[in-house]
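Shared between the two complexes below is chain A, which has chain B as its partner in the first and chain C in the second.
Then we have the complex of A and B:
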């Protein structure tokens, strides 16, 4: 009798879990993204247990920086529908970072950002100038609380702190989501506010000032505010999508304090450098459309498209496609990913300043991230389900590898003396990530 | 095509889809496939976060899926 009662209770709990999972299917809306906790098996009595998602990523750029990034995410879904989510991320970066100066036929000597003579470095002729002493550690913590207001409304609030030795950031956000059309449609709206404090090594350079004068001031700040309007729609039993419109606006010191721009004469000789000078405001707008389609019991695919533009003149298009194929009774899956990205250059981007040329804008930056390029990412993930820990139904171990390549699309006409040098070396990077969740 | 045109086009498409197909969607008992883990937009949140951080530090665009920014001094 007791056994039958337990069996019935387990079945009821299992049914309840399935219904909850089904009702949560729409929680992929922007407001709910990241807040939905994975549910522990109800029949284990661990519905309120924390679920853990962790990863260790290694990132390596060809000849430049490398990074190690451990991440841990813990989540808890309460019986009343509330969800808590906490995340801790640590980054450790070392290596060589481009300082923005142009490759030259002569050796170039640079001071370190701190001005310490022991950290001065010299770049050989024909080589891209990089600061070989780049080193940075970052720790970030984030928390999100999702709270059902009614059967069809959900409020979500979050906060994020990020700390580096020369940068500190606080972000807060709040979103509200409303389900209707039998929970086939979810509308969401969210706002965010970001406060950043910059304490660059050696001080923040005066924008556009002569590098040789080493004009630096104290710490700087920038603030951003953003809004996101999203709709998630179930189209058929096998297809759902989300569409987001977002806008954000940043104000303050938007320069990279460690980037300089070469000044060259008509013969191609470097005659000096300037600290970069970007506008102190930037507004970005984006449209994002992501789809999920099940192609059978074992295969599903996702396609995401994004269009973005800002008032610096950057326009970008992004398309990302992945396919997930499960096998071995759904205990394993492989997931190939392909991403294509293209951006135009900011209006003030220039790989160098020609000293003989009249400048028609007070702004300039040679940061290649503001140039025109396209990038391709090829990725592959393998995951294996394993027995669960602590009474949980299962755990998952995964390995992910990505290759990322950037190629410049527009090249400025250069003096004849510089032709033959690789002025636009692009970027090649590899990411390897091991993941474990339970 | 400008951002405004793209947005209007997308919104019109969404509106047309949503209003033109009032029957769009499924009944509660037809959510078996949609409830699958691989059908969730945040099926792999750490993968997405690590990728976003990489792209944020190497490209001029970020966000779209959620709020932009990155709380990182790398860009």
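Then we have the complex of A and C:
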């Protein structure tokens, strides 16, 4: 009898804890979110049941590429809890892109990849060689289908197609998520597979071949598989974190077909160029940890850390901090963001090939994206909530401005003749994005 | 010290007449040491108590913060307003809709309460009022009338995966049972970031205080729910929340059997021998309200339930 009483008492204490947890979840959710805005009554229309997130971005690199990118994301909900999500992105890039060759004291002339003489270009002494005819339009379409299996399990499958004039990519993915611990914890596991087909203008260069010999073959392909294991945890009523581990492996033609590397003699004169030559496999592993914390009703903040390493010797660290500060009536907010990024160079990265030196690896690439650099991004977003449309609760108009500054950490010894030239010009870029969510 | 007025503590179902909140604030002195900013929301008298040293203009401003939150919650979740989320959900019965995050968190909460109470706490049970009119008369409904309503009751019948909701035809959601306590906590949060002085928020008897005023604890009167409605108990409250459930004035009496207004959503009939009123102390008003409501739903086992759960309570049989 005593035992039975004790059991009941323990059970009651447990229920009390759960009731308290439920109350805290309700109030905590409110605190973390701040006051909810007005809700507009349903007004049937075309957009009912759809939520639309649209943005138009303008990206400008100082002296190089500029891009215009409209994005539309639409989500549709079905009666049984299934959900479909479509995303369409269009990119239009124009401008000048570094071709990988080294700045020199003499003028350098390059043929365009297509071999058309009208597209040949000459780089003045002391300038970084860039292909001034760079132009690329990309359209990408992605779709995700989420299907609840039980109250606590959800399956998602997705596909993505991306098309450019010289590149076509298909990705398929599937993931499963399981909620437990009063829905305070979500575990997810996902896999993906990507198939890419490259049809470079004029053919894909043979890796490491002489630029002047124009040794090219037809189209190439590569493919990748990836897996991700993630956990999302509500820690307290004001703190939530997400932790992911992911791994992916690519195989195939991993070169950038338009990048070349300068060959220089000991005096620093450019004697020729060769196409870059990367290994035909790359495995990347990364860990990502994101924390979101509400500090009172008007302020929330987030800190995200990412660590990545691959078997090419590239290791990168990213830290991003943002702070969202809502105005007292909560229909506007400003969000400053700061991001710090650092990466080490790939083992085979080299800004140039010295013709006098014996090479101990068949691989080489001067692509600055494989070099050592660090970058800082400063961003500011302003958003204004507006009355909703088509039965939606509210809409949001936002403006985001980001400034990106990249600095090379390259330490390769340079022949005396090249000293004084800016061999590793950094990159400065500005992004302006206007978003409308309704 | 202030004795809070529980005179007009009403059941959440009251107030069919007041569709538009009367948005007016008044400041009154409460004895020597306290100021009260009074307004009406959710068909209840509401007040914020502050030390009388607070400047009246500042007091009005703080009172307005609380009142705005009360009116906002009322406007958003009231069953009686055609522009509320509740009305919108009802208009879209049979269709999957996506609710906003605040509504989603309330439905999540209702879902947890339903699970933890074994189906006793059910936000879909409001339709039973079509059969039951607790007006003190002897008109108890036909069993068949109650039976006909039961298919329209049961949280399990709705499809809910936050934020997507499908409310089947004929069913209703009623946040009335949690709305007032929730509003107290939300108003408390809004005020706490703006006011470092001691304060007490009281929405029709559901209340929460941050800390005691300089002259001693808050004194809260609990009304004895019988014909002679005079405060019979004065509680000292330092901080935390109190919520009261129950109303002695809402019952039916037939053949000497008293049918209280607490209905069992599983049977559609009143829970026998439930206490007339239960007051519970907890750290948040939402939790206190949930515990007092769950206690009432236990009927004769109410006291035992409160004891088992180690709750501080005051029960009036």
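Annotations
In this section, the second predicted complex is superposed on the first by the 387 of 438 C-alpha atoms of A that agree within 3 Å, B and C clash if a C-alpha of one lies under 4 Å from a C-alpha of the other, contacts with A are read in each partner's own complex, and residues count from 1 in each chain.
Keep in mind that, in the parts below, a residue touches a chain if its C-beta (ideal position, glycine included) is under 8 Å from a C-beta of that chain, and two chains touch if they have at least 3 such contacts.
Here the structure is a predicted model, which is why all the values come from computation and not from measurement.
In the superposition on chain A, A:431 contacts chain B only, with no contact to chain C. After overlaying the two complexes on the shared chain, residue contacts for A:55 are found with chain B alone; chain C is out of touch. Within the superposed three-chain model, A:309 lies in touch with chain B and out of touch with chain C [touch as defined at top]. In the superposition on chain A, A:143 makes contact with neither chain B nor chain C.
When both complexes are overlaid on chain A, the residue A:77 reaches chain C alone and has no touch with chain B.
Touched residues of chain A were counted for both chain B and chain C, and B has more of them. Within the superposed three-chain model, A:400 lies in touch with chain B and out of touch with chain C [touch as defined at top].
Of the two partner chains, neither chain B nor chain C is touched by A:95. By the touch criterion defined above, A:208 reaches neither chain B nor chain C.
Common to the chain B and chain C contact sets on chain A are residues 18-19, 22-25, 27, 30, 33, 36, 182-183.
Here chain B touches chain A in the complex through residues 2-3, 6-7, 10-11, 14, 17-18, 22, 24-28, 30-36, 38-42, 44-47, 49-51, 53-55, 58-61, 63-69, 71-75, going by the rule given at the top. For chain A in complex with chain B, the residues that touch the partner chain are 18-19, 21-25, 27-28, 30, 33-34, 36, 53-55, 57, 59, 69, 71, 73, 87, 89, 91, 136, 138, 140, 160-162, 164, 166-167, 169-171, 173, 181-185, 190, 192, 194, 196, 198, 224, 226, 228, 231-238, 240, 242-246, 248, 256, 284-290, 292, 294, 300, 304, 306-310, 312, 314, 316, 318, 324, 326, 333, 341, 343, 346, 369-370, 375, 377, 381, 400, 402, 404, 406, 427, 429, 431, 433, 435. The touching residues of chain A, when paired with chain C in their complex, are 8-9, 12-13, 15-16, 18-20, 22-27, 29-31, 33, 35-36, 39, 41-42, 49, 51, 77-81, 83, 148, 151, 182-183, 296-298, 391, 393.
Residue ranges on chain C touching chain A, taken from their complex, read 69, 72, 76, 82-83, 85, 87-88, 91-92, 95-98, 100-103, 105-106, 108-109, 112-113, 116, 159, 161, 164, 166, 182, 185-186, 189-190, 193, 282-284, 286-287, 290-291, 294, 305, 308-311.
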